[in-house]
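Each of the next two complexes has chain A plus one more chain, namely chain B in the first and chain C in the second.
Presenting the complex of A and B:
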């Protein structure tokens, strides 16, 4: 069947539950009830702290065929995913579904455990490096399910992603099980992803290198949700968790794109005091924040809220009073982590609050602006951020489709050529974000407005931007880089890309390399 | 059948679900899963703010026979319970179960709506005044279910108390549905009770007199749980919500009891840096906090945490650094509300975090000390805080049995005579807190230690306290006030007192007055 994004989706996919085809950004409504965590009682005096990872695995009741989860807030510095998978493998447990909030490059180390059958299915926001390639070319047995951050929170709350045991890397944890992410040697800031896992997983095991005496505060994940605690030497490498200082781009192409993106915001019609925005963590997006800052000061316009993965430049906007409140699902640098810890206007939020489409309204749904990057965009404004030009998984869905759907003005920034490859093409390899929810494409050579947004196009006519049709953008790219060669694909489906509402927006077929 | 508190409980009670007899403070374990709220999706642009209470009732889908809930954090200043019940009655809806977190004196106004059949069942922590008498002598049709604060959170999370529509008085609310209790003319402080209702009720309606533009922060109840918002002129009278300043007792008997209670704490064996405590809001309990403060300073002992309904004297302990962190489920005065708003060491907690016995460990379960009041205590250390000497409902279960069960040292303070009636008697009229979980009774004439706590008795021998057996205490009281006359009771059960774990610890039979 052809879904609403124009993709041919099989009626059933081996290893995947019932296929619901994508029908449009807000067309699919939930029904039924939220999932409920297993009830439990912990009488006074019961100790949660166990002596070893092995004891915790034993106590958790983990068995063959179950689903385990992790958060990726320690990013490339995370030690816990690899450490736990190894410990689980040592106990001879097999056939697990591994469902972290995402993977980063350092998770290549789990490949041997997929090969050994310890892990036979993966559900994630994305994968990179060798792991991404492995999941595309070898596959663990079932197709990898790719979900957006909001889609994962939804799937957990709806019971579609049932977590048997959540292993939570905890930068600070007390003996009762209270956790936060702002204290300790491996502080990562917001625990926004893990909050959802903790609330719904049947068993929660905190892994910490910072076991605090007394009652921990602030509490990000409450002791009421945590079953066991294990103390380890180190949960992560601070250098990999957060960068010490932001690389401000000096790349002229990125600066040009950033300047144009800021001008799109300025002239969009939504640039009024009280707006809400998400700025991505990419260089052009961060730079756009700097240009926007100047416009805000000059025109005395203040934002009501900013959200997203937080970086130093957004912290500066908050500290300058240009943003009233910041809501934080994830942090990318030390300044952001310190701000979350110290600034009462900088608030931690769960990933469900951030972007779940099936609750009473996530904050992503209230955005005026979002600036997002892209690997590929097509002439229907569809965006790919998951597979590369060879069709190999190398990115992450992240909050891309969530913020795109929610924002009044969704701006996708990308260079027109990446290497020698054109970025605006006829058909993206994999649709992660449907063109229905993308408003403006900004490249260094031109700006294209989605024809569905005649109102926006009208507003932007006064912005002095090189406006052109998406087809013209494509043409320029093709003239510079040539038309991309088609990829040869097998029939085997190695990945299912869910839209945030749980429908299937696209599938990833194994390329014949 | 005779339950573990020695009470004869019928095997079935008309109008009440399956009777599970009380078996001991931690004997009954939960099974199954937590309840799940109805799933819903709110696309961007959907307005939650409705024009009137009538529109909200209509939109909520409220129908005959459903269960509605409220919180009592606005205390005697609350306008919302009466206002909503009246509005619901105007729409002709009948047969509702009314399940607020508690009632206060000002809820006498709902009596006519029970008489009219709008409300045909009540589940609450307690009731006072005319309403308490009405629920005892007339009854709405079904017996009133009395739950502790922790027991109510448990019942909601376990699905035993299923709330169809929660109406939440919101001191501050934005257009998206985010709520807090620390801003606005009717600020009440912690929203700890309502947090549980919002998370599990199928439909949540916020009633506010302070509709804030932009994204509200801090967020106590997230927009992700709130369906509709109605703006009204006034949700409550600040004078009734919080007292402006504490009445420090100068009653010599209260001071004597307070001094002895503080000495019990000092010599208990638990008075060491890092302890956790709950101090009640009664005069003797607050005064005990003052005596304890002197001991803490003198002996350089600091508490790790304090919890409970918060009052100015506890705020002072926090500000002086004698308490490291304060966790707050409810506030009793303006100073406490301001402290919650301004002091980063003063944390809001949900009622499940406070006292639910069936999660992975509430903070009440981690207490070293609690000081609690009592209406009656018996020679088995059972405590009554719900019915008066005539057997009429006039109090509230509150957190009494929760903190008693959780604390290492539970101290019950009470005058030996109240009016002319002895307070320590052979059998309390109604057991709310079982003697199994009570350690010390402090009266102005003597201190009795539960014989089960030989360790504590040994420690207290050095405290210079007038230690005596509970039977001696009873005897002194009877000599002064005479043995209380037995109450004549009918067979009709008008109240079911649930222990915090959902078992039946006692029933309230209609007195023949």
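Presenting the complex of A and C:
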């Protein structure tokens, strides 16, 4: 069947539950009740701290065929995913569904455990490197389910992604199970992704290298949700978790794109005091924040809130009083982590609060602006951030479709050419974010406004931007780089890309390389 | 005028996107000897296949080096807008290149005289012959100063305020104005030091330079910032020209604005202010009329 994004989706997909086709950004309404964890009791005097990972696996009741989860807030510094999967494999447990909030480059090490059958299904936001290639070309048996951050929180709360055991890397944890991410050698900042896992998983195991005495404060994940604690030597490498230095891009092309994106914001009609924004973590987004800062100061415009993965440039906006409150689901550098710890206007939020479309209001749905990067964009404004030009998984859905749907003005920034490959094309390989929710594409050679947004186009006519149709933009790229040849695909579906509401927006078929 | 190294495909591809008035693909200092051959072919190919929104020139190696003639033969076939000669010292060099370009224009069927020329002056000898070089060929459109080499040939070093180049810069402006060609200032290579760069652009603007060479796209907007007339300057220029037009209509020989006499040089300056403003988009002619 053809879904509302124009993709041909099979009526049933082996290894995937009932297929609900994508119908439009807000067309699918939820029904039923929220899922919940089992009741439990914890008598005074009992101990949660166990001696080893093996004891924790034993205590958690983990069995063949169950689903385990992790958060990716320790990013490329994370040791916990690889450590736990190894420990689980040693105990001979097989057939697990691995459902981390995302993977990063350092998770290639779990490939042997997929090959050994320890892991037979993956549900996550995306994957990179060898793991991304493995999930595309070999597959664990079932298609990998790709969800946005908001979509994952939704799936957990709706019971579609039931987590049997959540293993939570805890930068600081007390003996009672209270956790935060702002203290300790592996401080990562916000625990936004893990909050949802902790609240809904049947069993929660905290893995920490910083077991503090007495009651921990502040508390991000409360002891009321945590079953067991294991102390290990090290949960992550600080260098891989957060960059230490404040660096702005000096790439002139990124700066040019950032300058244009900031001008789109300025002239969009939404640039008024009290606006809300999300700036992505990409170089151009961060640079756009800097250009925006100058405009805010000059025109005396202040934002009500800023959200997203937080970087130093956004912290500066908060500290300068240009942003009233900042809500934080993830941090990318030390400055952001310190700000979350020290600044009372910098708030931690859960991923459900951030972007879940099926609760009573997520903050992503209150955005005026978001700036997002893209791997490819097509003439229908659909965006791919998951597969590369060979059709191989190499990115992550992240909050892309969430913020796109929520914001009044969704700006997608991308170079028109990467090397010799055009990035504005006839049809993206995989749709992650539907063109219905994308308003403006900014490239170094031109800016295209979604024809559905005639109001925006009118406003932007005064911005001195190189406005053109998306077809003209595509033409420039094709003239310089040539039309990309279509990728040969097999019939085998190796990935299911869910839209944030749980409908299927696209599938990833195994390329024939 | 933005320099881009001729051996960098990404730069060749993207040089046009930054808003420079003029791009120069460099085959000289930015390209090492083993890369010279590849660079001239890359540049020739880029000129043929990419559309640039501004004029595009090529800085060749000096005609006396082993690469100069090959550079010309290769890139002229792709019809650059102009050829820039480095280290120009005599009118004979200009005449020689002029002849080579004429031959190439004929060979490739380009209109005679359609490829322009400019030269950089990088030594006292070049400065002494600047006027002769600027008038040695009708192709000559501009003189430029090559600051680094000039400072070295003076046996001094660069200072923050550019005192060491003050006389040379001024003399080059005189030569260019006498010859009726443009005059472009040297590059400023410390791209992180925006403050000093802006000071230098202010200085060369006051000296009379028509523009500045830049080595990084990030410097382009800074040049525009300095060269863009202020709102006050634009307003005054508009008033001067309005008074002039009114006087013409009244067939009055005496023009005055707010009781102040307006003479011909003031009108020329006002026209130049508006031309600069229009060039950087701060003012549209139709808005004033």
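Just so it is clear, the second predicted complex is superposed on the first by the 512 of 513 C-alpha atoms of A that agree within 3 Å, B and C clash if a C-alpha of one lies under 4 Å from a C-alpha of the other, contacts with A are read in each partner's own complex, and residues count from 1 in each chain.
To be clear about the criterion, a residue touches a chain if its C-beta (ideal position, glycine included) is under 8 Å from a C-beta of that chain, and two chains touch if they have at least 3 such contacts.
In this text, all values refer to a predicted model and were calculated from it rather than measured experimentally.
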Partner chain(s) touched by A:252 [first = chain B, second = chain C, both, neither]: second
First (chain B), second (chain C), both or neither touched by A:348: neither
Partner chain in contact with A:33 - chain B first, chain C second, else both or neither: first
Chain C versus chain B, contacts on chain A by residue: B
First (chain B), second (chain C), both or neither touched by A:368: neither
Touched partner set for A:331, first chain B, second chain C, both or neither: neither
Contacts of A:197 with chain B and chain C, given as first, second, both or neither: neither
Contacts of A:378 with chain B and chain C, given as first, second, both or neither: neither
Intersection of the chain A residues that touch chain B with those that touch chain C: none
Complex interface listing, chain C residues touching chain A: 10, 13-14, 17-18, 50-51, 216-218, 281
Of chain B, residues touching chain A in the complex: 26, 29-44, 46, 48, 157-159, 176-177, 204, 213-215, 217-219, 222-227, 274, 276, 304-305, 324-325, 327, 344-345, 347, 352-353, 356-363, 365-366, 405-406, 408, 501
Chain C-touching residues of chain A, taken from the complex the two chains share: 250, 252-253, 255-256, 417, 419, 444-445, 464, 479-480
